[in-house]
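Naming follows writing order (A, B, C and D), and every chain is counted from residue 1.
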Amino acid sequence: MKVKTSLIPLLRPLLQPFIAILIGLITGAIAISIAGEPVLASYKEMWNGAFGNFYFLTSTLARATPIMLIGLGVALAFRAGVFNLGAEGQMVLGAVSAALAGVYLPGSGIGKMILVLLVGIIAGGLWSLFAGWLEAKFKVQLLISTLLLNYIAVLFASYLVSDPFQDKTGSAALAQTAMLDQSVWLPKLFQGMSVHWGFVIAVAAALIMYIIFRTTSAGYEVKMLGFNPFFASYGGVNKIKVMLTSMFISGALSGLAGTVEVLGTQYRFVDGALTGPGLAWTGLMATLLANSHPIGTAVTSIFLAALETGAMGLERNTQVPLEVSSIIQSVLILFISAKITLKWWKRKSKAGGSNGTI
Amino acid sequence: MTTRLEMKNMTKMYGSFIANDTISLSLKAGEVHAVVGENGAGKTTLMRMLYGMERPTSGEIFIDGKRVAFTNPNDAIKNRIGMVHQHFMLFPDFTAAENIVIGHEPKQAGFFNRKKATELVQELVETYQIPVRPNAKTANCSIGEQQRIEILKVLYQGADIIILDEPSAVLTPIEVKGLLKTIRQLADQGKSIILITHKLREVMEVADSITVLRNGKVTGNVTKEQTSVDELAKLMVGRELHDLTERVQMNGEAILEIKNVTVQEKDNKPLLDDISLNVNRGEIVGIAGVSGNGQSELLQVISGLRSVKKGSIHLDGKDMTNQSVLSIRDAGLSHIPEDRYLWGAAKQATVEETGLMGYHKKPQYRSYSFLRKAPFRKLVNSWIEKFEIKAGSLEEKAGNLSGGNLQKLIVARELGHETPILIAAEPTRGVDIGAMEYIHEALIEKRNKGEAVLLVSSELSEIMALSDRILVMYEGEIAGEMDRQNATEEAISVLMAGGNQHESKN
Amino acid sequence: TSNSAGDQKEEKAKKIALVLPEKIGVNPFFQQMDDGAKEAAEEFGFELKTIESTDHSAIEENLRVAVAEGYDLIITSSFESEDALKKVAGENPDQQFAIIDTTVDLPNVRSVNFREHEAAYLLGAAAGLSTKTNTVGMVAAMDIPLLKKWTVAFEEGLKATNPDAEYIVNYVGSFDDPAKAKELALLQASKGADFIAGAAAVGDLGVFEAAEEKGFYTAGQDIDRTELDPEHIVLSQLKGTDAVAYETIKAFSEGTYEPGVVAYGLKEEGVGLTYVTHESETPLSDFVGQEVIDQVIAIKEDIVSGKLEVKNPLEN
Amino acid sequence: MELFDLTLLSSTIRMVTPILLAALGGALCARVGLFNVGLEGLILIGAFSAIVGNHVTGSVFLAVVFAAFMSLLFSMLFAFMTINLKANDIVVGVAINFLALGLTTFALRTIFDVKGAYYDKNMQGLPKWDIPVIEDIPVIGSLVSGHSPLVYLSFLIAILLYIFLYRTVTGFRVLSVGMNPVAARSIGLKVGSLQYMAIALSGILCGLAGAQLSLGQVTMFTEGMTAGRGFIALVATMLGQSHPIGIIGSSLLFGFMDAMSIRLQGFSLPTQFTQMLPYAITIIAMFLLRDRGMGSQQGNQQSGR
């Protein structure tokens, strides 16, 4: 009994998305049957594409890695009460800085790998900090400035790799940096599988964030600032400092997301490779679906990644056209975002409560 | 008089918590019916059900003998019920007239006839003798005027039953007088009024009948003639009230010294104009004044939330001018803020988190930046016990606490800092008399320990009861100062209204 | 290994996978490749599976899965797949791969390249000879290295035949924005350009529309677009991705398939220009005229014979 | 190349129309407290439906109506999810963007049997209106005259929207919902209905934006042809502080800077830098506007008790 009552509040943030997935799947099934395809078989292919065997599982996790890191970054900013829509720019700047550091800085091996990671983290963090500074110093609304700074960062990165730092070897057709030296690559977790150490970093980041918010005074300050900035400053929280720190770390996590993509998957910065898949928006969705809960964000990131790898599997192995799988994806997301289940949950528990006392 | 409203066996449950337990109440035309009770007794909850904002778990409502069921405020409004909420429901960027007519706007072919609205409001102002400037932007109106806007709004909507939830809590004494007059007038014109308040003197002045709630149950239903302030208090609190503790003579040195402080925004009129004052150890200094005369700014300046342009602030001999909130708190200041929802708490934070503010960096409750929850929980639980704070659990959201209970939590938190000086701004706003007694006791106790309190209150009786010395603020200046012995309500009122000290002495 | 697998599946149809780096979507380039591959598969009795990649990181994924599912030949395409193919082909030395439109130097990969710059040079030359206002424009998709094969080579051709011509180039900033491409074309027209070439992927449609509205002349890409609006679309730079896909599968079927680099330029008729290297259904516009075509044909002959070398702008 | 000329301005006006229309839609959503990042998808639906409508009915007018209707339908999905199912508005917006891209691509294939783009040379786009007298005025004529009806309509709508919000009763109520939804509910306003109405209008506006894109600026549909205009509209909404006249200003500023950046391509600056111009200028504009319209945060901390 005791255990149960203490588990429920802990599980509640996770429970809601799970029940909602069910409703999403039912809706997705309708979409598939409208497309004239067998529902069960299609879902089976989707499942296989995402988790079907160890290989697919690891590719799902590899895909979830940047989403998770971005999601955590966005979640942190949310917690501090600011809306950081700049994950894309922060990620791209982190990635391009890391790639350039990896190619042009001297040294090799694990020391350099850490250095490169730091460069990526700092670049992303500083870009985000810049938006925070504009807000703190000049009251330039963060919501808009971060959105705008994305374009600037992406264009700037594109300039860097299509002109001064372009890889001139090979076909030289692509705007990209040179390939990184193998010694700075993030090792794969399993031979021949796509998931790399970045995933471990991301999961660790989620756990650390969870612990920070639950148990530290810094986490407490961020949380209170997000809840009510007046209350926080009244209580002696340095509003500007906490906001700027949160923005820095938020951007740093996005920068890290870009960096692990470079170090763990692509081994170089390729113009457009990070923006194309819409990682930033997916990360944002992961956060929002999980209500900015760090562990929840980790879970929803994997889920959203699975939807994507699942859709690839669907595309590879069935006649369901690519577009339909993206329709199914969005329908699923749409329904999972709905709060229907939470309402039901509440009503149920209320009814249960009154029965108990009558 | 005919019975206009009947509520029968109203029950409201939040989860397994019973906020209202089979409450019945009836209201006649032209009657003022007071509902009193401790914080968290369920007064607001009862009214929210009557106004369609909450659905009763069980119970029945009859209007003019007809059974009704409300699903939203619109249903209540249609049945001629109006409510003035404890926290106003106004649109800050709209004018008074716009706020009053919204929902039933005068229109011409779909266009909003603002001129007509102004006229209608002006008419209302005259009919009911409730002064409001129709074209003033609401954000720029005083609290009193905002409340009058709220009252005019329900009158405009044609309400016959008007619910007022703690209407006097935020008003100045003069405004309260005006309000009570208005209430009486409205009743005489045939309106029925439900008045929720903690101020029993007001109840005795204006109410015809009274319902007393405790722990969600009715503990008394009396007419004014049958009862007295003391009896009501006993019904509410369930015990007798005591007199305040004796105050021991103290002659402490200055702990807070404010010299020539000026605050000015751009080229506007200064908000604080060359203010100097001292607070000594073992002393309660009361600041009286109509709200909006610089009290808020003064407190913000002292606590570090606002910077000064000129002048200095010394705390315990250290220069604290324009220092951060944190360093001022560390130097020995705690602060009960005037607006509990804006400054004092975060609605989404839990009770525990709300209590933790200011403690989260203290070594007793933190080791290596990790919070030590166990000792802190013990502390919060001791507050809850001492001040009888009604909270489901430490995990309850602060926003779900009743107004008074949240206030008690904040007071307990700030007293708990045990600093040499405490700023207490409206410390008992919205707090029931039992709790008010506790809080007053605690402040005196603090004084008697040789610590200092700077009390700001719009409640003259509170100032008079607690202060050793009384300052009156008017338009950003200190208009006068007097000792406990020679202070009279009349003298203070004159200063508050902008008269000078000589006039008041006469 | 693939050999033993091949032996066992003697009677079964061999399987070929075409892993595209993008959705077929807006790019006729991939559509053609798919068509060519389908035609060849049908003709030579292969089972063909086309896999479109949803985004950059899906490419590697799809290649790996194709390897795991035991296709006999895996064809992929374009620079976007370069890295992914290097990894996957390196790890699977027994699997046969082909990549179209870029080079991957591995023993089990056949690289099939185009020299688009040769065709762009011809188009530029034709524009230089045809223009009456001495102002020629090009609307390109993005300012990225790859497109220099079009923009730079075009300019060289233009200057070669008409040194005084003014050359305006504008970038849409995206591959899928015909509305902006049209605005850019209108702008160039207002600057006096009477010939504006489209190199903006699907944005070319916007350029064509502008041409129809303002009455200037234009050219399309990859396939013969002149049929769309013979009056204004007077030329088309051609790229035979279908033929190349077809040839690759044909070679695989006939056993002449071998790894290494194959490049298709004007000489191999992998790229070209309407009227110059390929016939067109539409009659030649007077704006260009047979005389110009004849001159351009001469230039083409020089390139084919090696007398004239068109530099690949991507190689410095 | 000259930096400044008339075609620049007239092209600005044309290019800005879809952004302006969508930004006005975004403002309506913002006014009822919803942040609609789904503008991009709604425009795309409009652009596609306009082409389908034209193809099926052969009437440009009906095509525009059909576009508005289809975007309206999808905006109702947004409304239903956010208002009735209390879903997060940003998630729903992003999902709608995905959905719109998938659906239009799929429908392009099923209806027209083409991939990538649908282009029919014989399809009639929106007419260009030459305004009689103005047309002959030297500078202004070429600027103001000769645009599609939707261009004129968009500016007219902005003004009508201004009148709606600040002069009519319903508009007044819409404003109140965004300012303080708790208070609006407490006086019995139908908050849900007002939100539905605002979102519906925003859907119609996005539909018109799409129609202007696919029938006004060009006459074709290509996959993802909105190319980020919805997001620019979002920025214009915020920069214009959700005020119709402000949005005219912010959209024009953005359009003008965009047109400028094209001119700058002729100079030796790398294209990436010229392309940054509109965004950088917008940030600077925000910096200059910073003290205005920052609604007080205090409202959020009000209690319902």
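Here is the rule we go by: a residue touches a chain if its C-beta (ideal position, glycine included) is under 8 Å from a C-beta of that chain, and two chains touch if they have at least 3 such contacts.
Listed by chain with UniProt protein names: A, D = ABC transporter permease; B = ABC transporter ATP-binding protein.
Computed from a prediction, not measured in an experiment: that's the story for all the values here.
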| item | value |
| --- | --- |
| Chain of greatest Cα-centre distance to chain D (ABC transporter permease) | B |
| Whole-Å gap between the CA centroids of chain C and chain D (ABC transporter permease) | 36 |
| Whole-Å separation of chain centres (CA-atom averages), chain B against chain D (ABC transporter permease) | 46 |
| Centre distance in Å when chain A (ABC transporter permease) and chain D (ABC transporter permease) are each reduced to the mean of their C-alpha atoms | 28 |
| Whole-Å gap separating chain B and chain C, where each centre is the average of the chain's CA atoms | 76 |
| Numbers and ranges of chain D (ABC transporter permease) residues touching at least 2 other chains | 105, 270, 272, 275, 298, 301 |
| Residues of chain A (ABC transporter permease) whose C-beta touches two or more other chains | 158, 162, 228, 230, 326 |
| Multi-partner residues of chain C (each touching 2 or more other chains) | 23, 143 |
| Touching chain combinations (by label order) | A-B, A-C, A-D, B-D, C-D |
| In the complex, chain A (ABC transporter permease) residues that touch chain B | 9, 215-218, 220-221, 223-224, 227-228, 230-238, 349-350, 353-354, 356-357 |
| Partner chain A (ABC transporter permease), residues of chain D (ABC transporter permease) touching it in the complex | 77, 81, 85-88, 90-92, 94-96, 98-99, 101-103, 105-106, 109, 231, 234-235, 238-239, 270, 272-273, 275-276, 279-280, 282-283, 286-287, 290-291, 294, 297-298, 301 |
| Chain D (ABC transporter permease) - residues contacting chain B, complex | 167-173, 176, 179-180, 182-183, 185-190, 296, 298-299, 301-305 |
| Partner chain A (ABC transporter permease), residues of chain C touching it in the complex | 23, 49, 51-58, 60-62, 64-65, 68, 79-80, 82-83, 91, 102-103, 143-146, 149, 314-316 |
| Contacting residues of chain A (ABC transporter permease) [partner chain C, same complex] | 55, 59, 63, 158, 162, 166, 168, 170-175, 179, 192, 194, 265-268, 270-273, 276-277, 308-309, 311-312, 315-316, 322, 326 |
